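Written out below as structure tokens is the structure these notes cover.
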Amino acid sequence: MNASIRCMIIEDEPLAQNVLKKYIDEVPSLDLIAVCGNALEAQDIVQTNNIQLLFLDVNLPKLSGINFLRTLPDPPLVIFTTAYPEFAVEGFELDAVDYLVKPISFERFLKAINKVLNKSSRQPARLTEDKNTNDYILLKADKKVYRINLEDILYAEATGDYVKVITREGQYITNITLKKLLEELPDNDFIRVHKSFIISASKIKFFEGNYVKVGQTDIPIGAAYREDIFARFK
Amino acid sequence: MFTGKINRNNRNVRIMQHILFIFLVFFILLNTFKFNSPPAPVDYVYTTLFLATVLPVVYLHLYWLLPKLRSKPFLVSYIIPLALITAAAIWVNIQLFDHWSANLFPGFYFISYFTWWEISLFFIILILLTTLLKLSKSWFLVNQLQRELLEKEKQRVQEELKALKAQVNPHFFFNTLNSIYSMSLDKDERLPATVLQLSELMRYFLYQSNEDLVPLAKEIEVLKDYIALQRIRSDEKLDIKTVIEGDAEQQKIAPLLLIPFLENSFKHGVKGDVGATFIDLKISLNGNSLNFLLENNKGTVDVVEKNDNKGLGLANVKRRLDLLYPARHHLIIQDQGKDFIVNLQLQL
Amino acid sequence: MNKKLFLAVSLTILTFLSSCLTSLNRLVTHSTVSTDNRIMGNWQFEDLQIKIESLPVSSFYKDLLASVKAKEEVKSVFDSKEDSLLYSNSYVADFVRNGYRYYMICSLVKLGNDLFANIEPVQARPVNKPTDNDGDDLFSTGTYITSNSIAKLVFKGNEIEFRFIDAEFVREQLKKGNLAIKYEKDDLFSTDLITASSVDLQHFLAKYGKDQKLYNKENTATLKKI
């Protein structure tokens, strides 16, 4: 389970590089291979170092990030990081995973990484062989970033300001909202059954009245969600 | 030259209006005075003579007396002259019709068919009518001017806003904020000073830029802040030299005149090259004569900003120089060779 | 306004006067009348003998007074106080022609430096039967309204010149549109009746009275004192 993602920063401002370096440091599955101050230097490095993820600035000297991306015959996954919001459309047209506007918060950064993980789990050829080991999600809980296998997640419960993510191994208390969490989890397996609950469909034991048994726990089904749930499982 | 033409056109229009009015009055009077229809030659003569006595009074009133309506001795400067000239004109009218016209127009036979009182009624009505017309014309004019003023004001504000928005380059701010954020992650000791510099700069952009003149010392300080903020964003390959000579204490300059040059240098010079970059700024002051010399490496920036200020920024400054320092400035921009040089001489 | 036929022929009794101006209104009013006794006396005009005397003492007036006294319902001789005032200061010309005795009232007014006369025919009765019968009066038949003639008076020694205003000239100026005055066209008699007010008439003559074009020899009657 050591499949880290080889990534690279192309950014000309040292302080901006600094921020990204710090974030990448916090995330265990990211492996920073190189940092470049301009796109020309980067060309070789991208090819020869098997870079899988690129943090790319747009406003670079001599060759813009957008145009640089166009020149790559077999581009890696790209997350744009820039102060210029106006290139978002072009960015997504080039299939960028995400477009982050400076200054970037860590939460937003994590969300982008989770998108990368999601994407890569659907393109097994892109990243390493073992499909299973890539099915994880990154969550920030008590000042640390945890890598949680999707397999292990039973359900998530919203309590007050926090969300508890219950896995086979334990529970994690994270700051994220239930809605945002749902966005980051693959929707083929994770459904929201109640205003305060998300469950992993593959962990359902059975239904009983207005409850569904997940693992050892009875999860209530909210009135608004009832119809969709029963439609899905009929 | 252009305004002269417009004034002439306006005057022609006014003359046409007057002629039209006189014709209208003539027509109406003719039909009032005539004895039978259609009007006979004698009726034309009659009406012409009548108008000849009324019109001078009407116009004297419009252009000489009416403006005096405001002045304090209302009675003396308005009422009495009006009464006098009206009485005189009526007298002339009666003399003309009862006596003189026999000699002036020997082929025609007519008398004044109106009494003193009736004639003065005509006078009063025409004076009132023309006064009303003039007042309403003035009223329309005032309204129109008000509307134009409002429109111009609106336009001016919008343009100022646009200019301001163009000046307050958002990318600069967000990039600087990102730098500050980066520093905060490391608890970089440059952080407090940088925050202050940014706030000074923002304050300057937002408020002082509305003034006509700012102290030169302030503008230079802002230049230095700007350079400092830009410096932290660039790498160690950037070489900046700043030299200020002379006494800037007593001088004043139009705000934000010099910053666009620096902005240009950083955007296209420093950010435009991957190798060694440099900025050489020298400001020398001699009495009220300012010499601004800025040199930087040439570069190319691939990305064209959507709201492109490249050409606009310098064009703006050139226009402002022409408006604010006509014949008191000399701007040379050298783009050939390996460096980019801007030299501005200014009589403050 | 009732359209009445006016007696255009009123003055064609003086047939030598081919065209004299007729006016609806008198030239002279009670407030503007003047007197000049030189007009009084016996005068010869062509084959006519004309007696001109002050109206209040004339035989015409005496007759009128007598006939009025006879009819009780008529209070006074004249219709109004104004008329009374006017006529007290007027003259009456009296002559016989073709068996008719004509009475014409002459009122004088001074305009500018000239003397003008307003001549108003009032009665023409057969000489032989001086009756009260108004029916015989040529001038009293209802359909006629009196019309006035206007002449400038010039005294020359033993003669008076009555210079009547030339209607032909007036008509011509009216047609050309050179004259501005109130008038009515009568198509039946193809003549023009001046309907201007007395005041206007006076103003006109005060202004144009000296214009020679207003008069001509054909319209001037010279009376010689007998």
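A, B and C are the chain letters, set down in written order, and residue numbers restart from 1 in every chain.
Definition applied: a contact is a pair of C-beta atoms (placed from the backbone, for glycine too) under 8 Å apart; a residue touches a chain by one contact, two chains touch by 3 or more.
What you see is a predicted model, and the numbers here were worked out from it, not measured in a lab.
Visitor: Can you pull out the chain pair that has more C-beta pairs in contact than any other?
Guide: Highest contact count among chain pairs: A-B.
Visitor: Looking at C-alpha means, what's the farthest chain from subunit A?
Guide: C
Visitor: With centres defined as the mean C-alpha position, give me the subunit A-subunit B separation in Å.
Guide: Chain centres of subunit A and subunit B, defined by C-alpha means, are spaced 57 Å apart.
Visitor: I'd like to verify one number: the distance from the centre of subunit B to the centre of subunit C, where each centre is the average of its C-alpha atoms, in whole angstrom.
Guide: Averaging C-alpha atoms per chain gives centres 81 Å apart.
Visitor: Averaging only over C-alpha atoms, locate the centres of subunit A and subunit C and give their separation in whole Å.
Guide: Spacing between the chain centres: roughly 128 Å.
Visitor: Give every residue of subunit B touching subunit C within the complex, in rising order.
Guide: Interface residues on the subunit B side: 33, 35, 40-43, 46, 98-99, 102, 107-113.
Visitor: In the complex formed with subunit B, which residues of subunit C make contact?
Guide: Residues 173, 176-182, 200, 203-204, 206-208, 211 of subunit C touch subunit B in their complex.
Visitor: Which of the residues in subunit B come into contact with subunit A in the complex?
Guide: 170-171, 174-175, 177-179, 181-183, 185-186, 232-235, 271-274, 299-303, 305-306
Visitor: If you look only at subunit A, which of its residues touch subunit B in the complex?
Guide: These residues of subunit A touch subunit B: 12-16, 18-19, 22, 37-38, 40-41, 58-67, 83-84, 86-87, 101-104.
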